[in-house]
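Look at the two complexes coming up: chain A is in both, with chain B in one and chain C in the other.
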Partner chain A sequence: MYDIYALARGPFAWGAFIIFFGGIIYRLVTTVMEARKKDHVVFDYFSPYYAMRSMLHWIVPFGSTSMRRQPVLTIVTFAFHICLIGVPLFLFAHVILVKESFDISWWTLSGMAAQVMSLIVILSCVYFFIRRLVQPDVRYLSATTDYLMILLVAAPFITGFWAARAWAGFEVATLLHMLSGELLLALIPFTKLSHMFFFPLTRAYAGSEFGAVRHAKDW
Partner chain B sequence: MKQYCKISLLLAVFGFIGIVFLTISTEAQFHITTVEDSAFSGKERMKPAVPFYHDEHNDAAGIYDCSTCHHVWEDGEKLEYTDSIGMECSACHLAEPGATEMDLIRAYHLQCRTCHLEEKSGPILCAECHVGEK
Partner chain C sequence: MAIAEPKSNDKPIVLDDAIIEGAEKLSEEDIARVINDMIKTEGGARFKAYLNTCMSCGYCSEACHFYLSNDKEPRFAPAAKVKQTLGEFTKKKGRVSRETLMQACEIAFTECNLCRRCMMYCPFGIDIAFLMLFVRRVCHKLGVVPRYIQDTAHSHSATMNQMWVQEDEWIDTLQWQEDEAKDEFPDLRIPIEKEGADVYYSVIGPEPKFRAQLIYQAAVLMHVAKIDWTMTSSPGWDNSDMCMYTGDLEMTARLKKVHFESALRLRNKRIVMGECGHAFRSVYDVGNRFLGWKMPPIEVVHAVAFYDELLRENRIKIAQKFDRPVTFHDPCNIVRGQGLHEKARNVIRQTCETFIEMEPNREHNFCCSAGGGVINCGPPYKNKRVESNRVKADQLIAAREKGAEILIAPCHNCHGGLEDIIHHYKIDIEIKFLIDILFDCMEK
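On to the complex of A and B.
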């Protein structure tokens, strides 16, 4: 227990963050380099204006037609992403650990808000999972890894909620929480979860192509 | 005359018992069972206070040097044979300019958890220390 904790808080945490940030840089650089080789016209047509326009439409709730066509999915998706990013960054327990290690700290959520937001993430994952299972078109497009991805994202939130509530077995839950969170961080750059940092590139690409070349909307 | 003797003896006995009770109860007052720094008492706590049976804890952990926890620092060095018994941790760890509650919590957490990790004995997780309802 003490050894696993020490590992999870020391080397594994370092490893996870280094792989996370290093992986992001690696994926971005290699992708841009590949595009230069295979599809260099993209760079000729690249337009900051159309790139921004596209990003804006896709980051604002109901900013795109496909979002307006699926209101429930849109609401769940936005709530999910806000909580998914907000809870780990602003959870008191995380900030105090950072404060202990590096003597820096920032604003934190109240315990109540954090728990409600974690529940939103967990329930959203249940929704995404069921949706993949029952909606024929989505089911057709789903591979096993897509289901695993949802479990991977939900795991730190389930175990974290468990730890925060101090339910029976919270010791194991806390260790699993730390390990699953680190695994998730390390896998983000190399899975579909990379849309986290590819989002601007994807939108810049599609936005420029549709705006500058086809003179059409891409939302 | 005998009556007076009896009464004064009785009074003396009661007085003695009274003094014994008084000492025990003041002893009990100094018997620390939780860490409850007054810095956290003015406002709503975020976490339940930490059960900490001061003397039992230090006996079980084999800590005989009070300055292990009640320390005094000078020029970045911990002083030997000097202690700050009777001062709350917040007396110093909230006193530095710019210090916030986060600094005080950090001091408690670092002192308590670092030793437990080194000794591989004692609580290290949030809910192991902050036990029970708030």
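On to the complex of A and C.
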């Protein structure tokens, strides 16, 4: 087991980060190149002002009519995303790892806050999962991969929470935490989780078309 | 496969014999080849980003009148339309059955108005209309298109207008309207082919065919406002375009080229278009792009913006305001299409005594369900179209209850769609164009 642990800490972690960043760059570059060839309108009508206007309305909670119409989903979605990004970036244990390897560090969350936020991620995943199962339109839209994606995202948080609480078997939990986190990172660029970096692109385009060409709001 | 009334809402039932006939001629290989070619050549970055980014979250469902009016039947959700069409195409690598193709055709042509309301409700701004147009283009290339709208597209190809109007019929109509108007205004002219005129006025094919009084009213408006204007006797007179909705973009390009070029040939300063939504989209948003112009090569002004300008510049004056309470339907193609909602309201406020807002309104207004060529798919689809827009009926009933007696809709298609809705749901409200009101109220 120690061997796997070493692997997870060393080569797998490197691999995951390389695939994660490399994958994002690859997807973005190929998308932009393809857009240059086949979707020139994206550049022709691009307007920084309207792109920003649109993005602002959609990253501020309840900034759009759509979000206001579905308040519960909106609250959960925002809480989920904030915690999902905040915990891994500002977790003390993570920052220490970075410090050990690269001697750089930054502000960290208190242990308690990190645990609460992880719990929010887990509970949000439960909510998303159940919502997918029971809300007819969303159920209709969902493919197996949509359910798997939720599990994939929840896994590092469940195992991380487990390890942090030092519950029975936390060594295994720690290992699973590292492996599932690495798997998640590596898969982001190549699954629908890529919406993380496609969001600004599609939003900027919609905002530019609506604002600069059609003189209308898009929220 | 028989043509039948839909029984279940589970899957679309193919109602159009031309779809069936078209599909019968195809092998699965043909279908796969065309789908894959289309994805390869025209399925660019936007196409892929939309398909790969959709999180199946359902935020967009509530935006669509089809979904809301069909008791939230899941398959009418905007993203569900993508799943049933492009979702199947990509999952099966193009090798879909004729059955699936026909259903995709049915969905893209008759269950989506390309109104882009859902785009405003999607966190990613995914353009379902763009994707449905992609499906339509696949259908067009495979020759699987509902009969009525294809007939209209044929008319466009053969005559460069939507209604098989012959050249002499067109010129006769203009002269007839000029003669009629002369009874009231002896020196009124409908100038034809006038070089250098400030305004090139174009209309849609159905105007000379069914609503010639609109040409009359426009002529009076131009006359009273002392506008230096002209119409053309050449094929560019029709600004409409059903080919954009059948997926025949090559034809769209030809139509728009003829339209622009006839105005450019006459060295007119700008094009003013009658009250039509889809024609505006075709000229301002689609046709110019396909021809390689970022913006139309000559300024294009929709009737609503033109009336607003005439009022602001005091070129026409209001003699007495329209005294019956009015409400206003925001046509998607000029509101989500060019933000003309405030201008329309300015015209209404200046011409009408009582204005009652419909809810929701402006960008958030619901489509009439006629748009996107759906009404042009003709009688087989009338029931589905009207029943799939109960939310519009609810909107109208609410406005009626607040006292609105007149429904203003500055779009030809909207008129058709709204008339059917009013009739079906027995709503006591009368529809008018904005120019009907203006004509009634202005000093002549």
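Note that in this section the second predicted complex is superposed on the first by the 219 of 219 C-alpha atoms of A that agree within 3 Å, B and C clash if a C-alpha of one lies under 4 Å from a C-alpha of the other, contacts with A are read in each partner's own complex, and residues count from 1 in each chain.
Assume a residue touches a chain if its C-beta (ideal position, glycine included) is under 8 Å from a C-beta of that chain, and two chains touch if they have at least 3 such contacts.
All values reported here derive from a predicted model rather than from experimental measurement.
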Partner chain in contact with A:Leu7 - chain B first, chain C second, else both or neither: neither
Chain B versus chain C as contact partner of A:Pro136, first or second or both or neither: second
Which of chain B and chain C A:Ser105 touches, first, second, both or neither: first
Chain B versus chain C as contact partner of A:Val32, first or second or both or neither: second
Which of chain B and chain C A:Glu171 touches, first, second, both or neither: first
Footprint overlap on chain A, comparing chain B with chain C: none
Chain A residues within the chain B interface of the complex: 2-3, 5-6, 92-93, 95-96, 99-100, 103, 105, 111, 163-164, 166, 170-171, 174
Partner chain A, residues of chain B touching it in the complex: 46, 100, 102-103, 105-106, 109-110, 116-117, 120, 124-128
Residues of chain C defined as touching chain A within the complex: 42-46, 48-50, 52-63, 67, 72, 74-75, 77, 79-80, 83, 119-127, 285, 289, 294, 335-339, 363-364
Chain A - residues contacting chain C, complex: 31-32, 34-35, 37-39, 41-42, 44-45, 54, 58, 64-67, 69-70, 73, 132, 135-143, 146, 192, 194-195, 198-199, 201-203, 205-207, 210, 213-219
